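Below: one structure in structure tokens.
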Amino acid sequence: MDISFLLIILLVGALVTFLAGDKMASKVALFFGLVSLGFTLYLLSLFNAGQNLDVTMAWITKPVISFSLKADGLAFAMLLLNGILTPIIILSSFGNEVKNAKNFYALILFMSFAMAGTFLASDGLLYYIFWELALIPIYFIALIWGNGDAEERKKAVVKFFIYTLAGSLFMLTAFIYLYGKAGSFQLEALYNLDLSADEQLWIFLAFFFAYAVKIPLIPFHTWQANVYQKAPTVGTMLLSGIMLKMGLYSVIRWQLPIAPMAAKEYMNIFIGLGIAGVIYGSIVALRQKDIKKLLAYSSLAHVGLIAAGTYALNLDGFRGAVLQMMAHGFVVVGLFFAAEIIYRRLDTRIISEMGGIRIQAPAFASMFMILVFASISLPSTFNFIGEFTVLYGLFQVDMWFAIIGGMTIILGAYYMLKLYQHSMLGETNTKIFKDVTFSEGLVLVSIIGLIMFFGFYPKPLTDLITPSLETILLQINR
Amino acid sequence: MTTLIAITGLGVLCLIFEIFNLRKGIIPVTIIGLLATLGLTMSEYGTEASYYNNMIVVNNFSVTFSSLFIVLTTFIVAMSHNFYSNHPTKISDFISIKLFILAGAIAMVSFGNLAMYFLGIEILSIGLYVMAASERLSIRSNEAGMKYFLMGAFASGIILFGICLVYGAMGSFDVAEIASLSRSAELPAWFFIGVIMIVIGMLFKVAAVPFHFWAPDVYEGSPTLTTATMSTLVKVVAMATLFKLLVVLNAEMSYAFQMIIVVLSIASMTVGNIMALRQVNVKRMLAFSGISHAGFMLMTLLSLSTAAGTLLYYATAYSLAGIAAFAVILYVCGKNENEDIVNFHGLGKTNPVLAAVLTGALLSMGGIPIFSGFFAKLFLFSDTISAGYLFLVIIAVINSIISIGYYFKLILAMYGKEPNEERTGTPVLYYAVAVIAILLNIAIGFFPSLIMDLM
Amino acid sequence: MDTTLALVLILAPLFGFLLNIFFGKQLGKTLSGAIGTLTVIVSFAVTLYFFLNITETNQAIQVKLFDWIAISNFKVDFGFLLDHLSLLWLMFVTGIGALIHLYSISYMHDDENMHKFFAYLNLFVFFMISLVIGSNLLIMFIGWEGVGLCSYLLIGFWYKNQDFNDAAKKAFIMNRIGDLGLLVGIFIVGFVFKTIDFAELKTIVLEGTMNNEMWITIAAIALFIGAAGKSAQIPLYTWLPDAMAGPTPVSALIHAATMVTAGIFMITRLYFLFDLAPLVQEAIAVIGAITSLVAATIALVQTDIKKVLAYSTVSQLGLMFLALGMGAYEVAVFHVITHAFFKACLFLGSGSVIHALHNEQDMRKMGGLRKAMPITFITMLLSSLAISGIFPLAGFWSKDEILMTAFHGNPVLWVIGSLASIFTAFYMFRLMFLTFFNDFRGTEEQKKYLHESPALITFPLIILAILATVGGLISLPGNSWLNHYLAPFFPNKEHIAHALGQTEYILMAIATVGALVGIGFAYAKYIKQNQVPGADATFTGMSKVLYNKYYVDEIYDKVIVNSINGWSNFFRDYVEVGLSAFVFGFGKAANELSFQGKKLQNGSIGFYLFMFVIGFCAIITYLFIV
Amino acid sequence: MDNVLNQIGIENYIFLSVILFSIGVFGVLYRRNAIIVFMSIEIMLNAVNLLFVAFSTYHQDANGQVFVFFSMAVAAAEVAVGLAILVAVFRNIGSIDVANLKNLKG
């Protein structure tokens, strides 16, 4: 029993969903999503029992590319994120009328598969392949099932695709170059290369371009807001909840350990970029009219902070980053779902057209509020743990990073409360707004449950990720 | 050797069938024959042999490429059934011409003597001139044929002159002798000039910048099936031949010559991709994309000793994707007078399968995993980097980003737009070819070693 | 045993919260109110138990539940610390909390969302408790932000009114500014001392091994910013008056008695740090004094009864910070307690008045309520005397202590403080006179329904009034029970009990006289001349400035909020667009190039062949001629 | 035989045929009448054939002359096809001016 079964399950799931036909697709997909989650947990138990789940199979002989998956704590953390969010996201779409559903849900599972592969692959090229594969489904999901004017959407989506692809192709070049040096794409081999400072710098930048677009960091974020707005909410969830984390994860797993000298040398620049993203994203979010765009920019701010944490190159930065990745993943999915629920009822995403929802839908309003406060990392929510740790990691680099980065708790409060006030509070508007249905409630409650639980008891996660992060740190400081 | 005979025989057989009025049987028989020949050819794998005092040399290179050509031809022949359904009287001619083209192609990759090479290229070309102009009543077809013929003949002249100079320098047409001599004494300048002229002739055939101008016009004007032949079979043949020529003539690659290759490959891929961006006619677009791919394949010439496998892989990936794409184009544009993108609107809704296939083909050409096009580019890049041309690879990368632009224009048209016509009929053979081709493409994507380890 | 009790102590209100939030509607108003109150009373009882224990044993109780957050160079337990300070605080938090819950049962009875109100109140108590008994800075921080959340919820309790929501938002964000300071403070403490556990910190610091001047100073500054945010000191005080938008019991509990004193609590908890940063102490004292004066002046002319009390709260908090700055922590604590008594009483009293007048808060429309609501009148009168510092009420002693300390420390501050308290006396009695004396200025049917509030309201008033009267006893000059009680908490301090010398008596006299003068002025102005403040428009000159609170809010809006929004617009409309255009630019450029290139492909065979030959010649030339 | 070459020298043959070849090229480039273009191409090919023969004599090797036969045959075939296409073109547009073939471009 090894880790590759997880991928197989998801892939088979995608296939079965496709064959199941439009009627059954959603349920089948949900089923497989849950199975994969269960299996992830099972594997996790094995992993904690000290069992080795890695796989390595020879694949291509010239150049040497092997099908090798490596499951360490970090990977498992991301797998958990993926495994938990996938069924939630699928469930969240139950309220919508999805045309030719079988393709839709098949694509979702396929994307989940690709992302899981990205988190697991320990062979550079295999990793790259999964990385690219994850791009295809989201492209079609956004293109076909998206909303808004078709032409606008096309522009946004194509821009997104080409932009991200451009980034990752430079990463590919870097990988090939490294292969020329190491004669292998294996993670260890690449770690153990000793490259000159210049080489490291170029490699670092090549990776950075790929990740900066994906995460996204300013000023590489121009695709984000539009795609988030145009994509169907499910797509937005997949993007913001999991796919962004691919970039952040890769920074820790690939970029920093392979080019540590460059990472150390230019650390302040990249932290600065992340922090700038925090401020910039928050400020832009203040005056957004469209709720999805607002959330997009808030997400820009949060990932900026996470990225800064990763580039801080210390244990707290890393640990906080990983925790915050998960926390942000949960919350942002919840928030986008809330936006979707509003859209289902009121058929608008313009904040000024909402208001007074709390009067008619107290339960929904309360849950939305919890999500809002989680996203501004109120203590006792998971996000606080992550953000606190990240900020402390930054503090160890320089107090001002922590202070400026910390602005997010002020600005974040500003725009999120503004959003809450103008969407939920105030006098009711004439439209009738019925409270959450069962499935909607289930989604929100499960997310909130996760946030609260890990907010008070993050120990299992920290224990899971710490060892692998420490090894990576050793690698960086070799 | 037997391959060559078998193919030619098959061609003749077609004509005989016509005489005895067995038109129905032609295509099945041809396909069966081709597959049989394929088996025959593959059986020769691993053997080194030469026939008719080195007129024909059989080795892994020739065998593998011949097999690829046969496979491609099989697809093309299979598609001819529907394509020529409305003038059945000509079908035998067309099929046999295709087979003769194939024969020429095989001669080109397995020549042991420049005479054989010259004959091969001429057989191929003349066959193509005919095919290009084969729609007698269509001006576009005529123009295409004319252009192709004039420029082709011109190129043949240059090649001939090259051969002549090489002969003058070496006193022999036998490549083995030439190779041995070229290693020994100091050589007269003509030799190199001759080689260069031959190379330029071939560059014309692969449509590399600045010898590419014919390609878009001819591709657009010719009957679609001929375009398919040119853009898949012929391009691959020419590329393989160029590669083989440079290997056997053993013109040791001077730095200057490598620079030429680098410049040409950069020019080809860039011009091809840029020009393709604004094309509305799909065939024309694919012509430019073919030019850019020629640029990519030229990169293999920078590491002659090692890149044979890569070239084979790239050629296979590219041509399979091309076949798949053209199968769809043939279906979609069968009854339209032009091949503009508008014909593809909403294909994703009306014919999801074909849309998926075309998408796959385009993604493969664009170099997206898990399609074989990606691995082709990967291997190519890694070869080139290890040959020390990092900047070339970076430019190639930028180009593949540009190329996504127009490949996705087509995909968008298929999925993003509403169908503007209802498409009737499901020509089984088109479907079969399309699906099989794309599946093969993906298969070698999953197991690149299948191809890579052949050389 | 202790663990379970501690858990009961903290979880009881949480339980109440859950019960009310989920089943409140079904429970019905009275029951949910009762539950809310009972849970707090339970906490109070447990507190009492611990309190009595500790007075005997003098043993602080440590409770550790589990590891919470893993940080590389210090660990964060989830645990509680029940020591003298926290228990003392709990006493009045839970005690007054219980009373105010009781009060609210009647006060909020007409509100449709009463169960939510009690849920939030319970949640507040829960967070307040965890703030007080948290064993380390982060647990305290949970409570710290939690109470902020609750105050947000309760200020915006009537959420249909967007103005109230704005007030709530403002309160939360201003608190957040402080919280960032506190967070940074926590970082520094953890970074320097490798722990954020109060007990450990105390030992480390008192050992004196750690003398990292610079960092400790920065930490003290950061922490003070946090305190200033919570306890409404300059420059972060403007949220507190707006917070009066909430229901009156909320103002009494959160914005007078408990939450706003969290800053003082935190500084007292970490007194050993501040002792190491004298500069910061100076600053605290000065800021405290100025705040008290500024707030007092503003209170002089306010016409909204709750606004007056709000600014008086700010002013009193200022006095407390003055004491903290002087290093007289127990004095500050003393004033916190007494202030909790009388200010809670005053707010509840005003609430009772407002209740009677059907939500009329403008003093210009009150008057002559003395006869209609005697209990309210008496209790408020006592509290007013207390806050004005009239012998022998609670306020007298505590305020007196502060002023004495100030006098010994820095006479200038003493002057400011005294001035503030004179003003206090004035505006408090202005309030009393305008509200209770002369004849009623309200509408007729208001007059018809004038009535004393029901027992549930008056009972807490009476209790608090009594406390406000006798509360001073806990720390009489000379023999101070409080100092004695807190002594174990300040191991390194020989606590300064002002021996009652001549100066002290003189100071007391001055203070009393000052208070009387203030009252006198008020009497002259509002009873003798029977003045009533005119409409807002009529304010002129200084009083206009004061009435508009020195225009601080307006300035903040102009300077900070507007500029941020301006930037936001700029980024949204220009930077974003520009970046996007830049990225699209590449595509556009490629397309343009393609468009030009099409001209080259002109279809003429001659041209094609010509290019062919050119290429040919170029290659030949390059290879063989050059 | 060799005396011929000795008297003239192989270079001159090369120059001659290069010149002929160039004439052919220029013909192809500058003439617009398709027939004449064909003939120019023929000149190119025959220039090469001439050189073949010269070299074969020079090397005392018959291969060259054999090759000339190949190339002649090929040339004939090419021209046949070419003329066929030309006829088709003429039928359609009633002219054999290659400059008229400009429908396919861009």
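First chain written, first letter: the chains are A, B, C and D, and each begins at residue 1.
In the analysis below, contacts are C-beta pairs under 8 Å (C-beta built on N, C-alpha and C of every residue); 3 or more make two chains touch, one makes a residue touch a chain.
Because the structure is a prediction, the values reported are computed rather than measured.
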| said: Count the C-beta contact pairs for B-C and for A-C, then tell me which is higher. | reply: A-C
| query | Which chain has its C-alpha centre farthest away from the C-alpha centre of subunit B? | reply | C
| message | With centres defined as the mean C-alpha position, give me the subunit B-subunit C separation in Å. | response | 79
| Rounded to the nearest whole Å, what is the centre-to-centre distance of subunit A and subunit D, using the mean of the C-alpha atoms as each centre? | 67
| Where the centres are mean C-alpha positions, what is the separation of subunit A from subunit C, in Å? | 37
| field | Distance between the centres, which are taken as Cα means, of subunit B and subunit A, whole angstrom | value | 43
| said: If a residue has to touch 2 or more other chains to count, which residues of subunit D qualify? | reply: 25, 28, 98, 101, 103-106
| field | Numbers and ranges of subunit C residues touching at least 2 other chains | value | 587, 598, 601, 603, 605, 609
| query | Where in subunit B do residues touch two or more other chains at once? | reply | 146-147, 150, 154, 216-217, 405
| field | Touch relationships between chains, expressed as pairs | value | A-B, A-C, B-C, B-D, C-D
| query | For the complex, which residues does subunit B have touching subunit C? | reply | 146-147, 150-151, 154-155, 158, 189, 192-193, 196, 200, 204, 210-211, 213-214, 216-217, 254, 256-257, 260, 271, 274-278, 402, 405
| task | Spell out the part of subunit C that touches subunit B in their complex, as residue ranges. | result | 587, 590-591, 593-595, 597-598, 601, 603, 605, 607-609, 611-612, 614-616, 619-620, 622-624
| query | Considering the complex alone, what residue numbers of subunit C touch subunit D? | reply | 598, 601-606, 609-610, 613
| note | The answer for subunit A against subunit B in the complex is residues 59-63, 125, 128-129, 132-133, 135-136, 140, 143-144, 150, 153-154, 158, 161-162, 165-166, 169-170, 172-173, 176-177, 179-180
| query | Which part of subunit D faces subunit B closely enough to touch in the complex? | reply | 10, 14, 21, 24-25, 28, 34, 37, 41, 44-45, 47-48, 51-52, 55, 58-59, 61, 63-64, 66-67, 70-71, 74, 77-78, 81-82, 84-86, 88-89, 91-93, 98, 101, 103-106
